[in-house]
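One structure below.
The letters A, B, C, D and E name the chains in turn, as written, and every chain counts its residues from 1.
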């Protein structure tokens, strides 16, 4: 009987996060400390996880350089430590760090339940972190579920808001449904190929000639649906607006961003690597989903009067844009887009959290009236982030859009690019609407109190939005190196 | 022996019944049960495929799905209970305040 | 040699204008006027000196480039100094100086006195640019600038109701002419690749086809008709009388309006190639002469009479240049400048005296009150009536004789000219008699008085010119023709018929016409009011039509302005409703789409589930249908 | 032959149970239907030689999960019978259309599609390795799949922490 | 050097942005002072600029190698006048903004950023970089209109943004297509204009790309029938916004047509000559016709822009040396005159708080100096020779006639209409006696205002009388552009003296 293959370095970040989560829970039980202590523990574990991930990045780079790619397959093929995984992981950890900062006022406000919230966030990140690294589809499913279930709970944790319940149950029911569809797809792929591992599926598909791929195609389709749900691509997006609106403002940004990052990394891995041979089969579907997402998201965002719903629909549109990159079969542009978009999304929701205030009030557009006069910096940051999401030049959003567009174009999907540019123009309208409300309307409401933690998030989001808009090379190089095995 | 296709066909039927149940029932509890049905169908598919493929991994995967199902049930029921406490309803149709 | 300094001719009044524009307010009332007069007078002096070589016959004209302007189309700032431009320069500066001086008296007390002289000086500079230009682009520069000055000066009294629209009308109608002129220039450029006179005229005989020459000629005629108030574009000139009278004298009688004649004369080399163009020009001229003369017959406003008379006289000049009797045309241009300026200034003097009344029915018997004005105007009236030996006789007669000599269709035009001469004599005499003779009809509070010397002296000077001006070109001594000949090198000039007998015959006829007209008018209007009023009634309804100037303004209003306005309104409506409506419609449609899609997000989780499953099934179907 | 009989019998029971879950008015009946399905599927597992999984199915699902369901059903009231008429606009229509599409898809695949559930190359005879004994399952579970096994720890942590978090708040409130 | 030209305004914006909020009185003066720096630098560039074809002062820094994008700058005879115009107008626009007392700092910052963007557009030699600037300037302009505009500012700002963004979005697709094609043909993706000019595009691809670019620029110009954003934007924008909008932003469209459509898609350009010419001519006549009946003075001037810009497009596509030179210089001319007109309308608005012609009247009595400047700019706009408007218009008309006789004749009628709408407006606003008390007591221009208008007026005069200061530098570049078009197509520039051929050819085409 062979001993299990253990590769500690491959799972250090997850271990650190899990230990952090456990520590938070235990410390809380034992000492009931001030929330600050819990925050410190969480922050420490995130930082440590990032540090270890950086080491993983270097190792992955080395392995690629010296062509020892086989070494990156860990735990008998359950997970891999390739550039894609580590890039995704670092993005997730960054999102987590900023997400904790952005939501800290909310978490503190939970009182004794702060520990659970913090622990859930850490564990959710660990789960998604497994998901991005998973090579085995069952592993993907496990990571997905760990993360998703945590998010269901986070969505329902709000103290004051009845809508939180609604968000939680909707998210939970639809999420479970989508998970079931996803795992059924995995099962069908297994039935068709006899493999759970992406790499193995890839070599199977590359090699087969005899067997009709019907069951594999159905399986793949269901997997796309399941993951499409997680990244809120149309027509699997319907949970997103309600959940974004109902869930506590403090953690919505985190919830939205991690799910997108992990979901897209999984999509990239499964579609581009595993099912690369079936590209001709899945490309039209993904392209259709992308087009539908962009148009539907943009058009629906246009008619919203709640900022969170608007951001949710804009998220649908962004899912479409990223899908466009997937159609273009480019990890580089997808990852770049993911990285900058998740930061912008976090920043935007940090603003929402700040405006909603500690009492987690509604996020109606009216609440933003005259914000530029009341809190110029907050409004300015929001404006930059919105323009970034809109994809205007000098922001990273433009570079990201440009990347996915040109990849899709060179992939021969010209029509999709045309749809995308039209959709992005429609999208301008609603981003600008928020700016209109903030800058061009007046209100006698009072200044918004912006907690220091949110300031940090905003600073980071704004600075990266502009830096990577002007000098995208640094991040693009990293994204270009983040190749799947 | 019975062709694995039959087993999988049965699984597919169960999956679809579960899926349609989810769409047709408004009681959150029953909707959960439908999800359990769907997961069971997945398990059946895996077992049958594993047998047909002469591969033990199918059975191993089932274990994990069982665990996921259990965890989902725990959290899901917690959510239902907490909603029921405040609203005295288990009908998801009543939870439709957010729309558009 | 001299030509290198010729820019001074333009620069002097320009500098005057600039100086007065900036510092006029500090210069004060009379001084500003003297300064301006001195500037134009200086130009005159320079021009005289510079023109001496032509008299001596030692020069045929030369060109000097001042600086490059639009080299791509061969348009530079260049001065052409030849006898034609020299003569024009002398007329402009000479008459201009006198009018400047007159204006010092006339504009006395106006609060924008210095501004008036700014504009006058600017006008002088512009007009000189026009006549000194060495290419069509620069001519066009002057052409438009005089239009600008006309606009500024007609609208000088901007607080009154009438002048601003009149100014605008003048400019816009001129623009219509300019449009034709510009198209003509486009053809010229396309044909020759340059707009420079020297390049064009030398090559025209070889490179220009008859058809193109006709096209260019007719288009130039459109431009000239605008500037020189010929049919059908003359309507602005009567309105332009809203400007101060010195302006009418300078711009709308002596100089600017003759620019069209100058243009055609300058382009003689092109017209030379197209008989059709010549005939058209001559016909337009003759028709305008008669048409305007009839209108002038019945006018009551002293300046309106002169305005229509100017149009009519310009018609003569067109007739002349159309007949290719360029020298005669230019000659008449010059003499007309003298006597018409004199008439206008005289009218100004009268208006001044009558406290701004212009209605001749309210005048009468002014001879005693203002003798200088009266007698000088009498000279001018006789001159325009073609009574020898005054200037008008010589020039008009040369035109008519040339037309007669050309024969054919031109003979018919000669008849028209002759009839016009009769009418001209009639209405001019009518005017003089109505104003200066008969019983006083003025309002009680008016105290007519002779104008100050600063006004009467220019009158006298002009009267002198009117008397002797014609002698520069008589059948006996064709000094002017010799002088101008170098400017029309290569052009076949039309001449009056040879021989003294023919001259006597033709001159006799026209003098007879003039005397007849003048005599009838004198006898009619010497009577008291009832007498001539009855005479006028006798011609009803014709007289009424004339008095209303054939209601041409009305017709234009209905045929051109109203439809144009309607089109603009329709365009504006279409712009906001159709074109912009489509834009906003698209925006609304997108929003509408959003509203339509909203119900899909119904809020019911089971609907979402159905959407999810439906999407999944669609994906699966699509997936397998591909394989 | 026995396998075929068992498949038919248990398959029918499973389907009946599933339909009961969906169709029953009373949640208790639904739970019982689910129980029937779980049991019959467990039997099918046995015929597929997945003994351990079958046992776990009965113990975990039928034992623990269903009990939990029943517990909650009791907690929120058994007597609440659900009205059966559809309250949502278009829901049944959509479901009908989707179902129709699935039927068409299935029919199309069976009749015209070049479709098979498993690779035709699959071996016909079954060696012991798929014999789902405890050992046969446990060896891969604790070697190749060890990380997944560990990951389930996270899942359980989430479940526990989540349940506490949700319940905790209600306690404070009441 | 050129990098600094772009960076100086950005630095200026940062400096102003960092001013403490309390030092309100410093913000605008400092902004003006800082905006003079780029002017000085541009002046240096202008005087050192050699009148030869090709780009000068070029700079090239790789931006992101794998994408083939570069920070690539240069200036030639076509862009140099535009840069100069921009740097001239910005200080004036800023100095004209003393009426802006609310959020002055933000205003100055936005204006300076706008300047950087505009200069960037003109200097970019890399399509990607160009697009970045082209699109980026929408943002500050959007804020300028939306925050400091008048009543319907939000509508106007949104319309401006979305409309122009729509056009440029399709152009983005076109840019990507070009770069990808370059990658396919040479193996290396490149966005450099010089590289892309050598591409072998198929006929249909070239036409599509031409259309994508042309649409973007046509909206910007704006060409009939995609012009309707302009009256709204112009009317609602604050004075400085209108000045820069009319003065520079519209020129991005005409500049783009010259720089990109002609040089990248010469074949398609030659094929599209008639379409573009007809649209331009419709714009000329139609814009003028609509302008005649406008009730709002600013709107009237806005529509006059539609009309005037038509001349530039006509000149661009007439493809003769005269018309191209005319198009380029007319860019500058229109910027100066219309900028001046907007300044003056703004000054009226500041005093009288209305732009409606009906509420004004007799203003020459109370404000003779203002009236004088208005009339001056009006005549420059009408195309009075001796002033700058004429030079461009005349060059365009004379030059265009050779190749496009009929459209040019129709276009020439625009000079009549221009006289009608502008002089009629002048008549209604300035002449007569002021009827209301408000109109009677308006103060005339202050020394500050005169100092804003005087430089413009001086430039108008200088360019009118001695346009060679610009034409000298423009001509080599337009000639090179024309040579490029001739070399890459079977188009021949007509030789003078062959008018008969032109008419025949024109007749066939039309």
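Convention: a contact is a pair of C-beta atoms (placed from the backbone, for glycine too) under 8 Å apart; a residue touches a chain by one contact, two chains touch by 3 or more.
Treat the numbers as computed from the prediction; the structure is a model and nothing was measured.
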item: Third chains touching both chain E and chain B; value: A, C
item: Labels of chains that are neighbours to chain A and to chain B; value: C, D
item: Inter-chain pair with the most contacting C-beta pairs; value: B-D
item: Most widely separated chain from chain A, with each centre as the mean of CA atoms; value: C
item: From chain B, the most remote chain by mean C-alpha position; value: C
item: Identifier of the chain whose CA centre is least distant from the whole-structure CA centre; value: E
item: Centre-to-centre distance between chain D and chain C (centres being mean Cα positions), rounded to whole Å; value: 101
item: Between chain A and chain E, centroid-to-centroid distance (C-alpha), Å; value: 43
item: CA centroid of chain A to CA centroid of chain C, Å; value: 78
item: Distance between the centres, which are taken as Cα means, of chain C and chain B, whole angstrom; value: 96
item: Contacts with two or more other chains, residues of chain D listed in rising order; value: 88, 91, 94-95, 102, 109, 113-119, 122, 144-145, 148, 152, 155, 158-159, 162, 166, 169
item: Where chain A touches two or more other chains at once, by residue number; value: 138, 142, 145, 149, 152-153, 156, 169-170, 173, 177, 181, 191, 194, 212, 214, 241-242, 303, 429
item: Multi-partner residues of chain B (each touching 2 or more other chains); value: 4, 8, 18-19, 22-24, 26, 32, 48-50, 52-53, 55, 57, 64, 68, 71, 75, 78-80, 82, 92-93, 95-100
item: Pairs of chains found to touch, sorted by chain label; value: A-B, A-C, A-D, A-E, B-C, B-D, C-D, C-E
item: Touch list for chain C against partner chain E, complex; value: 67-73, 75, 77, 137, 140-145, 148, 151, 155, 158-161, 163-165, 167-168, 171-172, 175-176, 178-179, 182-183, 185-187, 189-195, 207, 209, 212, 565, 567-569, 571-572, 575, 579-580, 583, 587
item: Residues of chain C that touch chain B when the two form their complex; value: 598, 601-606, 609-610, 613
item: Chain D residues within the chain C interface of the complex; value: 88-91, 94-95, 97-98, 101-102, 105, 109, 113-115
item: Touch list for chain A against partner chain D, complex; value: 1-6, 11, 18, 21-22, 25, 74-79, 111-113, 116-117, 119-120, 123-124, 126-127, 130, 136, 138-139, 142-143, 145-146, 149-150, 152-153, 156-157, 159, 191-194, 210-212, 214-215
item: Chain B - residues contacting chain A, complex; value: 4, 8, 15, 18-19, 22, 28, 31-32, 35, 38-39, 41-42, 45-46, 48-50, 52-53, 55, 57-58, 61, 64-65, 68, 71-72, 75-76, 78-80, 82-83, 86-87, 92, 95-100
